[in-house]
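Sharing a structure with you now.
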Amino acid sequence: MLRFFLSILLMILALATQSVAQSDPKALIDALGKADFKQAEDLLGQIAASADPRVVPALEAFNDGDLYVRKSDGAVFITRASGANLALIDPLSGAAAGEAPKGAMTKLKINNSLRRVLRSALGGLTLLSPDRNVRLSAADAVLRSPSAENLELVEAALAKETDREVKARMEEARAASVLSSDRPVDQKRAAIETIGSIGGRDAISILMSASASLDASLKPDVDRAISKIQSSLAFWDLGQNVWYGISLGSVLLLAAIGLAITFGVMGIINMAHGEMVMIGAYATFMVQEVIRTSAPQLFDWSLAIAVPVAFLVTGAIGLVIERGVIRFLYGRPLETLLATWGVSLILQQTVRSIFGPTNREVGNPSWMSGSFALGGLSITWNRLWIVAFSLSIFFGLLILMKRSAFGLQMRAVTQNRRMASSMGIRTAWVDAFTFALGSGIAGIAGVALSQIDNVSPNLGQSYIIDSFMVVVFGGVGNLWGTLVGALSLGVLNKFLEPSVGAVLGKILVLVLIILFIQKRPRGLFALKGRAIEA
Amino acid sequence: MNFKARLGGAMLAAIMSTTSFHGAFAAEDTIKIGVLHSLSGTMAISETTLKDVMLMLVEEQNKKGGVLGKKLEAVVVDPASDWPLFAEKARQLISQDKVAAVFGCWTSSSRKSVLPVFEELNSILFYPVQYEGEESSRNIFYTGAAPNQQAIPAVDYLAEKEGVQRWVLAGTDYVYPQTTNKILKAYLMSKGVKAEDIMINYTPFGHSDWQTIVTDIKKFGSAGKKTAVVSTINGDANVPFYKELANQGIKAEDIPVVAFSVGEEELAGLDTTPLVGHLAAWNYFQSVDAPVNAEFIKEWHAFTKNDKRVTNDPMEAAYIGFNAWVKAVEAAGTTDTDKVLDSIIGVSVPNLSGGTSTVMPNHHITKPVLIGEIQSNGQFEIVQQTPSVVGDEWSDYLPDSKNLISDWRKPMSCGNFNVATGKCGGKGS
Amino acid sequence: MSQLVSETRPASLLYLDGVSVSFDGFKALNSLSFVVEPGELRAIIGPNGAGKTTMMDIITGKTRPDSGTVLFEDTIDLTRKDEADIAQLGIGRKFQKPTVFESHTVWDNLELALNRKRGVFATLFYRLTPQDKARIDEILTTIRLTHRRDELAANLSHGQKQWLEIGMLLAQEPKLLLVDEPVAGMTDAETAETAILLREIAKTRSVVVVEHDMGFIRDLGVKVTCLAEGSVLAEGSIDFVSSDPKVIENYLGR
Amino acid sequence: MISSFFLRALEGRILAAVAVLLAVALLVPAANLLTAPDSALHIPTYAVSLMGKYLCYALLALALDLVWGYCGILSLGHGAFFALGGYAMGMYLMRQIGSRGVYGNPDLPDFMVFLNWKELPWFWHGMDMFWFAVLMVLVVPGLLAFIFGWFAFRSRVNGVYLSIITQAMTYALLLAFFRNDMGFGGNNGLTDYKEILGFSVQADGTRAVLFALSAIMLSLCLVISSGIVRSKFGKVLVGVRDAESRVRFLGFRVENIKLFTFVVSAMMAGIAGALFVPQVGIINPGEFAPANSIEVVVWTAVGGRGTLIGPIIGAILVNGGKSFFTGAFPEAWLYALGALFIGVTLFLPKGIVGTIQHRFAGRRAAKAADEAEKSAADTAVANQIQAAE
């Protein structure tokens, strides 16, 4: 009985969707208000087929979750938040249609399948937009979710297109659409050629998904295109791995570089180093928090502001630690380990008490989001910036150590304390500022690491062991060693990972470091000679 | 002699410290319950919230007059994310503080560590976190999701609603992902998915460099079939994972990721704009549209004095567990473990998604499975809700446990009854 | 040079020929050749960086030469042995900075140095025999520390530490003793005392002394070798060496 | 020979400490088993296993002190030896579960069943025999220490470098044992034991015996350590700590001395782990965490390194404090521990026992120095007289 009613109901619904199909876009959009995900997909197909550019704002609003249906009459509106109420906008004309309380409206839900259909529909509908960039991204959208319905739209747009880049992209989009249409075999063969020339994984993906529905005679063409792409990818994969290694290495370098000063130069086994990194990340969070509440337009500058802030905050903390604890422990390196471990516990718990134990959100500025292609390499902006950032810190530090008066004093004190002090250098302050410098640099590293990792009280602990490995592997007291150590460990890790997995890869790297230290007990770039052991 | 006195003093201090410190303050007419969640160490990030929820629930219950006419008193201890310490603290709560029941643990390791203690001292533990199943103890109630209350419905959703044909099972290398992925693989293959369409990948705890793996996922996803990632990646590693996904431009429309360990709390540390559309499967989302949930969120914000604090699934599980215990104690008229164990089976309490949850004889509960998509505000949009599902302790998709059932009612009273041999005790050979 | 070698070769206790070593490009020893005869007391002088300590490092196995021959008793190739082997062969070494076991008593320091079996289990179950006791007492007398035998070595004066270290070398019963700046930081009285001590010791074994203190070397009155920039500059009596123009330019100064 | 070794070991303080430990080994179980629960003398079972745990930690700290306090090797990886000993015992206990596991599989532990393993991995064979397991408790940590030390000491890896690579070692083991494919139960580790040598691990009697055994093993190891430290070998050991090159130039093979000590210490740590596991009921990779090993260093430092009783007292005090704080003031525990680390290094560099000893020794030394001076003066006078004559 129930089933009977259900089927009747379904039939009515089907009829309803059928009937609106003939009517205008307004009715189609209103029908979205009552449709479930599956029906909405059909409706979107019809809206797209209508090729009526007036529906674009409504579809965009749908994608952004701004499309609401009024509970009282089932009318669909684009909405904007307006205090506690929603400002209503007519989905087609764009005219204001008053306000309504939130409770009176229901948001139109959207899921991934719908988002896909929307992307394709919007792509098709905006191919003729006067804005070049919109056309370009429309062509992209069509390329990524090709559908036969879009084919004619693409071709129409292509005929009118004058911009070279957009035109090329549209050609590709057209080719992708051709593959999923019922065009003749020779057109498809040409399309395969075009797609094949794009290269990259996306092209393989398009070809593979189309291949199931293609005519058997085209199979060799598809295979040839794919194998051609794959052979060039194999080459690029190697480069990609090197890049990943360098980028991992630069993260290690960032984490280790402050330690290269406090541990490498001063000989303090600074277990609180990781916490300095963590505090630097929290400083970034605080800066962003202030910017969010008081000056949102500055958000893209947040990291630039956070760098000095983090440096000063962690540098100051480092200064306090050195004056309060470490200065009593010079010449007893193993005991600095214990004391700084204690410091790290206290810092961790303090941060936990202030900020809570959970992760804090640190946003990516727009210039650090997304990726770009370099040949066959896909390079993400945030990684690129981190590589650049860590290298500039490294070289900045190198110049500071080698060229500045402070660097000279620092080296003098670490090499021969008594001599330095008899030459009028205030060794105590040089010690304090050297430690502050190492801590400050750790803080800066925290700013960068906040972009790729959790900002939580545990952040520091996850880097401390790796940092020590890098410094020891590279050779204590040698900045270049730290650089080479970090990069080679990064690359090694990334070359091991694909074959043995991430876990075993990490274990192997550790074992290799242990064995390496046997061979060269003082690291990669150790100073040789008798002076060291004295 | 000096030494002897000192050693004696140390021993005494040790005993003193562990014998009921709270006892001194406990009034006669309270019922004590233990709260066993890490407040420091690596797990504090997740567990501290649950401690707060328990304190809130106790406070609310006391406002309503307590239980059996007595006030409740929460005894909070910190096992510091240290598994042997969990066992020690459990023992302390039960034998020194004489708590009536304990609410606690997060990781499976911590639960495994305390399980023998609860069985030995015959007390009750309410465990509020989703887990891998394959366990049923007389003294433990599992109010989080078993794999069939989370993983399987999520996979079904992806296969049916999104037409996914190729699966990446990515997880942190520990028991929950390993078991869940074993179950999922068996399940998917029983649905006709070929072995080459399943990729399994494990990473260490706290893994932060996801470049290679995300690339591998991309590679795996470019085979022309709709691909999805089923993520059992543990807490801390998620943030860098999602950041890498977003940066490499993997959108939910192309390769959706469904996660079982990512809830509102984890998203709070992320800018979710690039993640919109990725999924999570839970039995509760903060965005659930139900009056009882609205009420709960209001209380939570008032209790924590912070209206930005989110709620999440383990909190609901703690809520259900606590209320079920209260109801069972009132039905039994005592907090005596054996009586409560009898009276709690079949107890139904409201859950936060608007329905009710019932404690089943296998010590798991019934609850609906919700699939949600991440929104740009850090919340989930619920895209599917199933009817209530009974938590299945022994998976039907693992060869060694498919014949096992658990029923703690008399006369069976068995956690691993083998329906094939008709005997209690696993294989029963 | 080769003439010298062929002359002394049959009787040499220690024989270095063409020994070179460099650290990070710096040539610490440059084709150094040097011979010590049995029972000889020899002094070595030279400016800082002349390679004196490096030479000792090479003889005692701490540093390996890049090239060259180092023979002990004409047959034993020292470049293939490590410190412990070389010490057991009978070469003792006193460091520039007095190095004794500060948290042990004077007595224990000497007990450890006694030339007895040095294996793990031999030392674990070692018991002090009357002979060993007598030997230690004897050394204590020689180094004039009998009255401080139960004192921690840390509490000794600088000069006493130097003596204790020499005493430990005696306990080792070496055939060859290398002594690096034994009188640095000593009072004049202590210096004179030390010269007597070393001459006494040299009666029964070969001793090589590295020293800056020309007065002390004059006191010793033995053959002197002057090193500079890693090779031998001059060799002979103190008067002969100190009048050599090269030595004056390089070391003594004008 | 051997008897003189032990006679020397049992001198003074050590004898007193051993007496105390043996008394504790006898009295605590008695107070637990023989008294009525409401009697004033009664010690609850809970406290017995807790103290048993402390004693295991004390043994671990003693083991570390042998290498750190006496030989100058600061091992940041001693937790690894402890954990390996624990795993060896845990494997035995797992095998004793037999078919009482949840799946009732007589051959495979539960975690292997649900990960679909078909047969026991080779390294689990023999672990069902107690004698073999006990052997492994000694052999596995000892072997690891031997291999590690063989390489490290031969290539003269020293000081900070050695500390860092011991940390790398335990960290690598942590990652390895976390892997489920290793066959040690992944992060859950080994747990839910039923019985040991046929006695239920949960019975009060078994717990009391385990406690007594911990106390006895601790005193035995204390005596052995004391024997080592007081022998000529022990003096060489301290020599290695204070002036390694001098020891070398005296003709001792420093690498063998270190290796022997490191292996003995690792075995003691293994014993501690093996006694720890049945008393707390679980062993998992968390024990390999570098932070745990660092904590051991603190116990030793607090009690006083380079004294044998110090680490025992340190371990008991710090862990007692931990039990207290994590119960009474959960939020304050890390502050307290952190402050302890800093305070001890700054104000008590010799630790509690070391400081007390030093003060006594100081008084004695002052007296001795007085006398020495007097006698020196006497000699000087005598010399002058001689010279005058």
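In order of appearance the chains are A, B, C and D, and numbering begins at 1 in each one.
As a convention for this text, contacts are C-beta pairs under 8 Å (C-beta built on N, C-alpha and C of every residue); 3 or more make two chains touch, one makes a residue touch a chain.
Everything numeric here is computed off the predicted structure, so don't read it as measured data.
K.L.:
Is the number of contacting C-beta pairs greater for C-D or for A-D?
P.N.:
A-D
K.L.:
Would you kindly say which chain has the C-alpha centre located farthest from the C-alpha centre of subunit B?
P.N.:
Here the answer is chain C, farthest from subunit B.
K.L.:
In whole angstrom, what separates the CA-based centres of subunit B and subunit C?
P.N.:
72
K.L.:
Could you state the distance in Å from the CA-based centre of subunit C to that of subunit D?
P.N.:
One centre to the other, that is 42 Å.
K.L.:
Indicate the whole-number Å distance between the mean C-alpha point of subunit A and the mean C-alpha point of subunit D.
P.N.:
46
K.L.:
So, what's the distance in Å between the C-alpha centres of subunit C and subunit A?
P.N.:
Measuring from centre to centre gives 65 Å for this pair.
K.L.:
Show the residues in subunit A shared as contacts by 2 or more other chains, in ascending order.
P.N.:
In subunit A, the residues touching two or more other chains are 349, 461, 503, 506.
K.L.:
Taking each residue of subunit C in turn, which ones touch at least two of the other chains?
P.N.:
Touching at least two other chains: none.
K.L.:
Among the residues of subunit D, which are close enough to touch at least two other chains?
P.N.:
Residues 175, 178-179, 245, 331, 334 of subunit D touch two or more partner chains.
K.L.:
Name, in rising order, each residue of subunit B that touches subunit A in their complex.
P.N.:
Going by the criterion above, the answer is residues 39-40, 42, 44-45, 48-49, 161-163, 173, 201-204, 206-209, 211-213, 215-216, 218-219, 221-225, 236, 239-240, 243-244, 246-249, 252-254, 256, 265-266, 268-271, 274, 277, 279, 373, 375-376, 381, 383.
K.L.:
Help me check something: in the complex, which residues belonging to subunit A touch subunit B?
P.N.:
Going by the criterion above, the answer is residues 37, 65, 109-113, 115-116, 119, 144-145, 201-202, 204-205, 207-212, 240-241, 244, 247-248, 251, 349, 352, 356-361, 363-364, 369-371, 378, 380-383, 451-458, 461-462, 493-494, 497-498, 501-503, 506.
K.L.:
Give the list of subunit C residues in touch with subunit D in this complex.
P.N.:
60, 62, 82-84, 87-88, 92-93, 95, 99-104, 108, 111-113, 115, 118-120, 123-127, 147-148, 150-152, 155, 168, 172
K.L.:
Please output the residues of subunit D touching subunit C within their complex, sorted ascending.
P.N.:
That would be residues 1-2, 4-5, 227-228, 231-233, 235-236, 238-239, 242-243, 245-254, 256-257, 260, 365, 368-369, 372, 375-376, 379 of subunit D.
K.L.:
Over in the complex, which subunit B residues touch subunit D? Could you list them?
P.N.:
Listed in rising order, the residues are 1-4, 6-8, 10-11, 13-19, 21-22, 39-40, 76-80, 82-85, 87-89, 91-92, 95-96, 107-109, 112-113, 115-117, 120, 134-136, 173-175, 178-179, 182, 202, 204-205, 398-401, 404, 415-416, 418, 425-429.
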